[in-house]
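What follows is a single structure, and I will ask about it in a moment.
So that you can tell them apart, the chains are marked A, B, C, D, E and F in the order they are listed, and the count of residues begins at 1 in each.
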Amino acid sequence: MKKIEAVIRPERLEAVREALDAQGFHGMTVTRVEGRGRQKGITLQWRAGEYRVEFLPKVKIEMVVAEQDVEKVVDIICSTAATGKIGDGKIFILPVEDVVRVRTKERGKDAI
Amino acid sequence: MKKIEAVIRPERLEAVREALDAQGFHGMTVTRVEGRGRQKGITLQWRAGEYRVEFLPKVKIEMVVAEQDVEKVVDIICSTAATGKIGDGKIFILPVEDVVRVRTKERGKDAI
Amino acid sequence: MKKIEAVIRPERLEAVREALDAQGFHGMTVTRVEGRGRQKGITLQWRAGEYRVEFLPKVKIEMVVAEQDVEKVVDIICSTAATGKIGDGKIFILPVEDVVRVRTKERGKDAI
Amino acid sequence: MQKMLRKLIPLGMLALSVASVSAQEAIDTGDTAWLLISTALVMLMIPGVGFFYGGMVRSKNVLSTIMLILATLSLVSVLWVLYGYSLAFGSSIAGFVGGLDYLGLRGVGMEPNGTIPHLLFMMFQGMFAIITVALVAGGIVERMKFSAWLVFATLWLTLVYAPIAHWVWGGGWLGELGALDFAGGTVVHINSGISALALALVLGARKGFGSVSMEPHNIPMTVLGAVLLWFGWFGFNAGSALAADGIAALAFVNTNTATAAAALTWMFLSWRHRAPSVLGIATGAVAGLVAITPAAGFVSPMASIAIGIGAGIVCYYALLFRMNRNIDESLDVWAVHGMGGTWGAIATGIFASVGATGLLAGNPAQVGVQLVGVLATWVYAFLVSYILARIVDTVIGLRVTEEEEEVGLDLAQHGERAYA
Amino acid sequence: MQKMLRKLIPLGMLALSVASVSAQEAIDTGDTAWLLISTALVMLMIPGVGFFYGGMVRSKNVLSTIMLILATLSLVSVLWVLYGYSLAFGSSIAGFVGGLDYLGLRGVGMEPNGTIPHLLFMMFQGMFAIITVALVAGGIVERMKFSAWLVFATLWLTLVYAPIAHWVWGGGWLGELGALDFAGGTVVHINSGISALALALVLGARKGFGSVSMEPHNIPMTVLGAVLLWFGWFGFNAGSALAADGIAALAFVNTNTATAAAALTWMFLSWRHRAPSVLGIATGAVAGLVAITPAAGFVSPMASIAIGIGAGIVCYYALLFRMNRNIDESLDVWAVHGMGGTWGAIATGIFASVGATGLLAGNPAQVGVQLVGVLATWVYAFLVSYILARIVDTVIGLRVTEEEEEVGLDLAQHGERAYA
Amino acid sequence: MQKMLRKLIPLGMLALSVASVSAQEAIDTGDTAWLLISTALVMLMIPGVGFFYGGMVRSKNVLSTIMLILATLSLVSVLWVLYGYSLAFGSSIAGFVGGLDYLGLRGVGMEPNGTIPHLLFMMFQGMFAIITVALVAGGIVERMKFSAWLVFATLWLTLVYAPIAHWVWGGGWLGELGALDFAGGTVVHINSGISALALALVLGARKGFGSVSMEPHNIPMTVLGAVLLWFGWFGFNAGSALAADGIAALAFVNTNTATAAAALTWMFLSWRHRAPSVLGIATGAVAGLVAITPAAGFVSPMASIAIGIGAGIVCYYALLFRMNRNIDESLDVWAVHGMGGTWGAIATGIFASVGATGLLAGNPAQVGVQLVGVLATWVYAFLVSYILARIVDTVIGLRVTEEEEEVGLDLAQHGERAYA
């Protein structure tokens, strides 16, 4: 099992969710985060003039999936979340040692 | 050392915290998140009629613990967070390579 | 590649960001979290008297960096985020198996 | 209202308000005090609309929604003193629109108009004009280009609001016909509701409408807006008596009672559906406020309960109907103001008993007159708004780009975000 | 107030308000303007209570808290015109309760009652009734079933509020006895405070009370509520003069001064404890507003400072006492309104010097009369509220389920959430 | 205003307000009703300032910002009745400050002062004093020690506000000179703006100012504050007529029109820069309200448009100038109130045409008199505020510690946090 952490643009979340849903990937946990990278913050308007905010709103999707699904999920996310402009986000793939379903104490793949 | 990531119902957080506290597990980091899984969102009332929200509020608890404590913590969380209904949440166990305490630069188990 | 997860005091975020920026580490994802550890919550004022809140506001910085940068980043964070008082936070280092840039589908180190 | 007042005197109001209408016109400080504060109260309703609407949109669009209202408040305030008042209240051109006699407020001064200064009457009327334009914005939030709104609002004030206000209150044909509209059921509510629908139809639905959740981001903000409306509406309705007298008191009581009845009705309807809803009770209250507006000074408090209950039912089902038709008239100006105003106008014809007589008081013809007013407003407002919308769309475009809509209008149109 | 006014005229008020009380009753437009806006101001206090309370609960219960207030506003608005006014102000039945003469507002019209239309007096009184019921809700937030609240509120209005209002203002025994209550210290504040306590005792504490943190989720919202209360209270107190005269001005000044003094007192007490608290200064302001209510038109501004300081001290320690006793009368209606009202009623007996004489003006008997009023209200309100609560509990149950309480009442009782 | 009114009668106002100024002073219920509610409206502006400011600071400092305002409201309310009113309106000592005749409101009672009770005039003036002090707080948010603020506020009220109010309205030298200030352009706005600048200079910039983002945490909260200001300002300006008459109506209309024009101007300036800004339109509205304040009852509505446009331009560039100079006068009291007030005072000299004559009406000397008033206020307010700030800094210290500033003042100074 792997954990996929995708940081994407908030406005793409709905599209990504729909695309994943369509392929049968329902389980996910989403967090509102702020990010920085090549895209370096944003300029907003003050009463007159402007000020800078160093972080941009992003959304982090966390999904634990079976090994064989990783590429599929990565593909879906990339193709629905990408706009082609800097700031589209990143996907990290991390190892997971075990999964437990709180309700039933099922373990491993059965629990995903 | 392992990292335990437990996604649970927000209303169970206090009970879980108390149970962990009682067993001497004080260190944890908590994030308000939104989740989806078998439980697929929620229906809320609009001015008349209803609308759907695809994500449900959940709470993610992150705890880094020593190898030998993993099962104990997982047990505590499962037993206090479970209500028996769909949506109780998941626990993920991830490998951690090192821990640093910012204040003292202590490393490894001493830093937890 | 490693993932560095640093939980620090919110008021130190700006300083840490500046220090990392100065060393060329721009990519990061930040989440507002709540934490507990040795520092066990906070007492706030009610209309008269007080009440306890069990969690303190913290900020979690997530950065995926190349193996060789880990120590450098840890050092920067420790030295800028530390105040010497309990509650300065923790850094966790986790293995990462792969990274994908959403925009370009680049993989691995190139994608960081 | 002023004109209406004169008109009604032979109908029996004279006896009731004898204390406050003097033979030779002179300023009465009590009436003036009440109209000063009433005007301020109506002004407060305008940002009230902003919060009411702002709470119901997504957080990425809350500033743009509030901005529509603030800009309308500023814009129409200036246009009204420049020429709007004259078009609505200048000497009548064929009963259809006012002349330019009051251009730039020429001849509008501190002298009495009734028992209050003419300037004050002008300003009270000005607040009505502003709020009517502001209400229309509810149909088009989260996707309309800000510049296009400013252009549309200017045209609409000039070509839709001013004439209809003239018809009813400015000495125009509907007033002459004997249509009863105490505080603006046709002029303000039917008018804005129908026009919002027309504009929304031209504009099209929000991206993702029907599939993506458009969750109200801050219901307490909507409640704040609703209670500012409730509060300010006392000035709107009871102020329309243009005096601090028994009629004002009656309008005040009816306003509160009908609103409460409509709010309860909506609450119970939502409860029957599932649970007593806060958005529902707030919406019901606004529906009640709308429906009692034309009737406020003409009916008894017991009749106002009936009008309120009717408003709750009519607007609730109108809203469901709109949703089922999949029309994205986003914040239901049509269902609440358009249909609520229609019900209120008809109900005035049914229940009028104070200073006028309606169906139940043995004057069924009044219902007919009311229907003429309703129909005229529906047709005129819909047609002209639709045409104006098409013109603005063709010339400068009504909508933001898809990408701007996705990112949110706060950032895309205003370079700001509401919450840090 | 009306009755009280008549009663007090021999006590010396006649000279003071001669300008506004006319021998033959006629409407005065200035007085009417002031009462119209005062009534609107008191109405605004009601959602003010909603925000004041709403900010202090957890975010999962903010809508349910606001809903208690909105539903009360709607419900009591209707009940009041149907029969509430009659029970409180109808011709007295043995000094205990009003008769049914005014049922459905029969006989309540535009004719003058004093110098304002009778309908307006009815509505001003109606707002007092609503806010009193709304205040009680502070004791029971975050756990009471919404349906049970509606039933309790209806019974309580009928069997507790209406009689006590009658005793003091409607020609009942307490007014006859000479008890001074300018704007509702007993009727509104002691009454709601004691009743909230009784109801909370029957209902029981919130799950986790004392161990789980019940952090106020939005203190600026509470501040918004507090300042709407402060603002609206000028209508509540100065409006109770029932005229735009010197007494109204005095009540206005005293209201502001006592409130400020109480707010400062509370601020310094919290500072001595730890730091100057925002929730504290807001609570202190409300305590001051409560305490000056019965005294507002009877004392000098310097006395109002003393009353304000006293209010800060009394309510601060009452609140601590309540917490130490581990009673979950959640938002301290008893400590702030019950005890603040009690202090205010007694202080009126001590400091009265305008249009009435208190202890310091050489009339110690007044303190005794005040104590009778306080005691009667405490006993009656507590007993009847307690019994009503037990009955409602038995018949339909007062509390939501444990699970609903955990999830939050917004979702569980209303199917909504406040913030997206 | 009172004194001013008398002064102006020979200048032509008599004819205009003949209905409401009686030869033998007697209370007029209409005027009193209007002043009662106007006083309440000005009171509501004070928390309005709190929300206006509170929305623009970071969320860790929102409570401390609101607390500055609430504590000022409470503190000055008490000081004003104790001695402030006397210092400002007591019998003049050499035209510079009032005597102690009204200490503790001795001699200030229910008797008429003009056509309203003296107590009411005192309270109306009191609200002006409070808001002026409150405005100053905008310069020093997010870093000033709360205790130091209380001390500074007390000294400043006594040594800066009271004398300047006396100069203009209390029978002092500026009023005698013929300076026109309808509702407080110099006394309230120039005064607070300049003083905020002096205090901010002594206090120093916020930690990280210029590098760290100081994002406004809640723009809808700022909008709420702005609209409460707009609403309340009708009482501030039109109430300053001290009567419900034509002048009040004129002041009302001018207030709304100038505000709208300034808001539009600012909106277009920000649009030219990048996009129509919500913070911008709100700030522009306040600038317009400020600038029309001294002129409100002296100019025509068309002139008020010019004054509004001028206010938008002057304050917009003043704000940019302040930013470019890297001065952390945090919420631009100087740019908006100081410069807006200066423009308004001069503009009054240019456009005055009702009850007074300005440049365009052929009296260029008025501009000179206005400049004297402006200059005197700038110099006196700056110098005395600067000295007071230095003294308080030396004695108890103006600033919180660096660590407290980092953590946020809500927690550090008040032991609370705004949002859970």
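Just a few scattered comments:
Heads up, the rule we're going with is that contacts are C-beta pairs under 8 Å (C-beta built on N, C-alpha and C of every residue); 3 or more make two chains touch, one makes a residue touch a chain.
Keep in mind that what you see is a predicted model, and the values were worked out from it rather than measured.
Separation of chain C from chain D in touch steps, taking the shortest path, is 2. The chain pair from A-D, A-F or C-F that repeats the B-D interface, sharing more than half of its contact pairs by residue number, is A-F.
Set side by side, the interfaces A-D and D-E show unequal numbers of C-beta pairs in contact, with more at D-E. For this pair, chain E with chain F, the centres built from the Cα atoms lie 33 Å apart. One simple way to say how far apart two chains are is to compare their mean CA positions; for chain C and chain E this gives 50 Å. Residue positions 14, 31, 44-45, 50, 53-54, 83, 94-95 of chain A are each in touch with at least two other chains.
Residue positions of chain D touching 2 or more other chains, listed in rising order: 28-31, 33-34, 37, 215-216, 224, 274-275, 277, 279, 414-417, 420. Chain pairs recorded as touching, per the definition above, are A-B, A-C, A-D, A-F, B-C, B-D, B-E, C-E, C-F, D-E, D-F, E-F. Residues of chain D that touch chain A in their complex: 208, 211-212, 403, 406-408, 414-417, 420. Listed in rising order, the residues of chain A touching chain C in the complex are 2, 6-8, 31-38, 40, 54-55, 58, 60, 74, 77-78, 81-86, 88-95.
Put simply, chain B touches chain E in their complex at residues 11-12, 14, 18, 43-45, 50, 53, 83. Residues 26-34, 36-37, 39-40, 43-44, 47, 50-51, 54, 62-63, 66-67, 70-71, 73-75, 77-78, 81, 104-105, 109-111, 116-117, 119-120, 122-123, 126, 146, 221, 224, 244, 413-420 of chain F are the ones that touch chain E when the two sit in their complex. Touching chain C in their complex are the following residues of chain E: 213-216, 266, 269-270, 273-275, 277, 279-280, 282-283, 316-317, 319-320, 323, 332.
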